[in-house]
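Structure, as structure tokens:
For reference, chains read A, B, C and D in written order, and residue numbers begin at 1 within each chain.
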Amino acid sequence: MNPPVSCPLEQTENPPVQLAVDLAGLRLRNPVMPASGTFGYGEEFAPYVDLETLGAIVTKGISLRPKAGNPTPRLAETASGMLNAIGLQNVGVEAFARDKVPFLRQLQTPVIVNFFGNSLDEYEQVAARLAEIDRVDAVELNISCPNVKQGGIVFGTDPAAAAEVVGRVRRHLRVPLIVKLTPNVTDIGLMARAAEDAGADAISCINTLTGMAVDLQRRRLHLANKTGGLSGPAIKPVALRLVYQAVRAVSIPVIGIGGIASAEDALEFLLVGARAVQVGTANLVNPAVMGQIVSGMEAFCRERNIGDINDWIGSLQEE
Amino acid sequence: MNPPVSCPLEQTENPPVQLAVDLAGLRLRNPVMPASGTFGYGEEFAPYVDLETLGAIVTKGISLRPKAGNPTPRLAETASGMLNAIGLQNVGVEAFARDKVPFLRQLQTPVIVNFFGNSLDEYEQVAARLAEIDRVDAVELNISCPNVKQGGIVFGTDPAAAAEVVGRVRRHLRVPLIVKLTPNVTDIGLMARAAEDAGADAISCINTLTGMAVDLQRRRLHLANKTGGLSGPAIKPVALRLVYQAVRAVSIPVIGIGGIASAEDALEFLLVGARAVQVGTANLVNPAVMGQIVSGMEAFCRERNIGDINDWIGSLQEE
Amino acid sequence: MRDLETTVLYNRPLAGETWQLGLLAPDYDQLARPGQFVMLRLTAGSDPLLRRPFGIFRCRTLPPLCTGQASQPAVELLYKVVGRGTRLLSSLHSGDRVALLGPLGRGFDLTDCAPTALLVAGGIGVAPLYLLAEQLLRQGRQVRLLLGGRRRDDILAVTEFERLGVETYVATDDGSLGEQGLVTQVLERKLGRFPQASVFACGPMAMLRAVERLCRQAAVPLQVSLEALMACGVGACLGCVVPGQAHQEDQPDYRCTCKQGPVFDAQELLWPQEDSQ
Amino acid sequence: MRDLETTVLYNRPLAGETWQLGLLAPDYDQLARPGQFVMLRLTAGSDPLLRRPFGIFRCRTLPPLCTGQASQPAVELLYKVVGRGTRLLSSLHSGDRVALLGPLGRGFDLTDCAPTALLVAGGIGVAPLYLLAEQLLRQGRQVRLLLGGRRRDDILAVTEFERLGVETYVATDDGSLGEQGLVTQVLERKLGRFPQASVFACGPMAMLRAVERLCRQAAVPLQVSLEALMACGVGACLGCVVPGQAHQEDQPDYRCTCKQGPVFDAQELLWPQEDSQ
């Protein structure tokens, strides 16, 4: 059977857009993945988005033991954003390996496991345990969650502490190590370099900005935890600036995160130099959003004759 | 003539709400004032809001010499916020004294002059010149503007540098010295304490968060200055958290700023402990907003039987 | 469950601050189970950012007469204007577009329902009970509806239920409709008359607590439909959790209201101790 | 100038992406001077946050016939859907509420206008010229309108101007209406015929630059109405500045488009050098 005539012709005029990117040795079919904590363990979103069309899957943050998280209220809506103080509730690394990995194992899409600890030891123990699990294709080290009092906050705001935890975790891992930075610092470049020097293979930024909401009626803070993490479109300008700075501070790839809700938003982060992007809060508002971002990105490239997304990445014009 | 019977009765049932606050010796008829740079030199807003109903007037930031500011584009709209990179364009302290003070002199409302310099010397010189002008009832020292490369950013993010500029300026002034802090730091408490120890009479926070916007069409950054200051409702949660922390770090009064657009917003900042508030971006969107905030605040207090706003300030319930 | 860009068919005030919203929704009559809810996105902008959850009141087919065109399958919601999102919702016109995610969550379990079902609603809590009543009647159960509210305006949808053939009892705090008092007083009497009933309740937390106490004392099964702050509605954010029956500070047992609820068997949940009230 | 919470009277598509918006606005017929603009607030929420600037097209009184009630004083705007704000604007219905700040800015200066006035508009730039034409005619000037655009859909309000008795010349890039070519070609011819004319122009920057060059060469007075990004519209934020004629990097001469403009005498402004084009 002959192929329809129009097909090869169309292909010459419209060659497929190359969206694949390389992230510290991990090949992603496109630069779009969920941000930790907004996509469950992947399964939850299977009805809304074909998981095989994503660049990667990033899990909810995992700790050594199951974690209850914070009391409620855990959420507050703010102007173009939201505060969350979930407090890193998760099933723990053993239940993750037992209950969640089997589903993930069926997928082609790379799996990135986000994790954290309450101490250096715990960080190491989780890393060691994750290293034993197949289908953990990369890990993302959360040194930045501002919600847990004994949690990442110390590691995430002090370069020396960050370097120590990165170095210690590094030893246990053969897969790429992504270090996720907090925006609540004076100099993101300093933190990014500290992570790079200690052995990080990539940087992801940003985590949430620390914020508060007030409940006037009750004369109280709205969140049981008092502070929460601000995410969503409200933080995009701050995230873009920090990603721009991080990209220029290190030579390892940077994953851009913060308020991405459309293909245009994602393309903005890539333009300032992010190798890939993570979509967080937008998943909660529109569970099908990542599929739309991937196809919007492809359409954008096609329209501008950008044959390979890598030609767009970092191609910002500056005088 | 007898007064109408209902009048004294009504007064017993509804005594007037006391909105006046004391700010480092400066008596404000209510806690509501504009944020520097969003209210011109006062005159511009006279058609929209009765300047005599405000707690104070805060001028655009003044420097030693006239300042051109940044090239355009200087503005970008973001989700529930805006970026500005005006670059502190202003008429300079001499033209201020000559052209702007005469109008301000006619008012009862206290005048707070915001100022900055490009070096320690310049800071001192402006302060010295302002000290000579009557109707400068207080000054607000901007050590935090992120827009000017040689500008405040160094002073605003390093406690020692902040202490030095505050101390040097302090000597020249008899009027209250308010120090305005930037949010772009790891620990706002540290900065607030440094300012207090160096002689500040009050703290105002926050200035804008540093951000960026991308122009996809032109493959460029949207602002000619690359970065800009993020303001508006988007930043309110971050501002509330920082004000909460600053209030708990120092014993001098704190002025709350960031995304305030309604009486409720203002009452939230007062509740976490701000002695007064500044309204910025909201003036640009709704030039009559401060009048509405003052009357909304009064109505709120009346409804809850709060006879004196000072009873509300800092009355947050925490376990 | 899926996300549907759809059209407002009608949006009209019902009583007091309560409105009735009809959305074009093919298949909802097939898909929606009693007690399920939807997440509505009200604006293309990002403020307000989050969707709003609403129980599914009923599914109907609008005759051509109403639509001016072909008959149209509609899902109907009842909502009360309480804040920004619902105020914005009340400003929508027929023809406007909204995004409708659903049907979501675990609805009422009808398998072991007793021959007599007592449905207890506080105010707008009546919304998810209509589909339930319909289905229970279809299964041959006797359905009685107990409606409570502060005043007359809080008592909603009585006509709709009566058209189904449901006996309705009303109590208001101010006596402006039905008897004066709490709906739980009515429940207590009914439980005396129907000691084997199954109870289904939706309403404010204070009411649900009182209903739970009564049902526990009477040893009758109770299912409650809860409300919680929600961001996603699909079990991803963990914002909407409630403590399960075994919950302890160091041995957490949190359930997602959106996915494991909004309907729970009362025994699954941790209820506050009597003396802590 | 003041801020008015007001009501949409009508909002309808005109041609292509251009719409016509009527707002209830008592006094605008008294207040509005040709070339002034308004700042419209489109939403009670905070996204989009900023108001949008629009030139005042005309003021009219809607007869009872149109309103169903008493006659209503309206201000009319013409706008083109180009982004989020204008898209949102196009979704407003009659009866919806918006906030209207205005009239703002410095309009056209009519004092020394020559007997013949040439009005040059690019696309939607025609909006602020209608009031100008009306007033110039009232003062006994001859008014000719030169309209340019990419294609037919960009040529707006011709009927309205012709009803005033204004002679209109049209040029489009694709020749789909009027002659094919640039409106500046038309201007060049007209300047040949009316070497003493006064010129008034509004449109894209590239067009204004070409108009400025022609007028400078012909030594005729020119007033231009500029667009700039605006946050406040009242001279407070300094976001909308353009370099004035004396502007140098170290000796700044910035003017606010909102307050010292949007209409400027061409000689007040700094125009790029010929060779830098």
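As a working rule, a contact is a pair of C-beta atoms (placed from the backbone, for glycine too) under 8 Å apart; a residue touches a chain by one contact, two chains touch by 3 or more.
A quick map from chain label to UniProt name: A, B = Dihydroorotate dehydrogenase; C, D = Dihydroorotate dehydrogenase B (NAD(+)), electron transfer subunit.
Keep in mind that this is a model prediction, so the values were computed, not measured.
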Fill in the blank from the handout: In terms of mean CA position, the chain most removed from subunit B is C
Practice task
Mind checking the centre-to-centre distance between subunit B and subunit C? Centres are C-alpha means, answer in whole Å.
Solution key: 46
Practice task
Would you kindly tell me how far, in whole Å, the mean C-alpha position of subunit B lies from that of subunit A?
Solution key: 36
Exercise for the section: Could you please state the distance in Å, as a whole number, between where the Cα atoms of subunit C are centred and where those of subunit D are centred? Expected result: 53
Completion exercise
Going by residue number, subunit D touches two or more other chains at 45-48
Practice task
Would you pick out the residues of subunit B that each touch at least 2 other chains?
Solution key: 76, 78-81, 232-234
Exercise for the section: Have a look at which chains touch which and call the overall pattern line, ring, star, complete or other. Expected result: complete
Practice task
Enumerate the contact residues on subunit C facing subunit B in the complex.
Solution key: 45-47
Problem - For the subunit A and subunit D complex, residues of the former touching the latter - result: 79-80, 233
Completion exercise
Touching subunit C in the complex, subunit D uses residues 43-48, 84, 88, 91, 93, 96
Fill in the blank from the handout: In the complex, subunit B touches subunit A at residues 76, 78-81, 83, 157, 184-186, 209-214, 216, 218-221, 226-228, 230, 232-238, 240-241, 244, 259, 264, 267-268, 271-272, 315-318
Problem - For the subunit D and subunit B complex, residues of the former touching the latter - result: 1-3, 41, 46-51, 99, 101, 228-232, 234-242, 249-250, 252, 254, 259
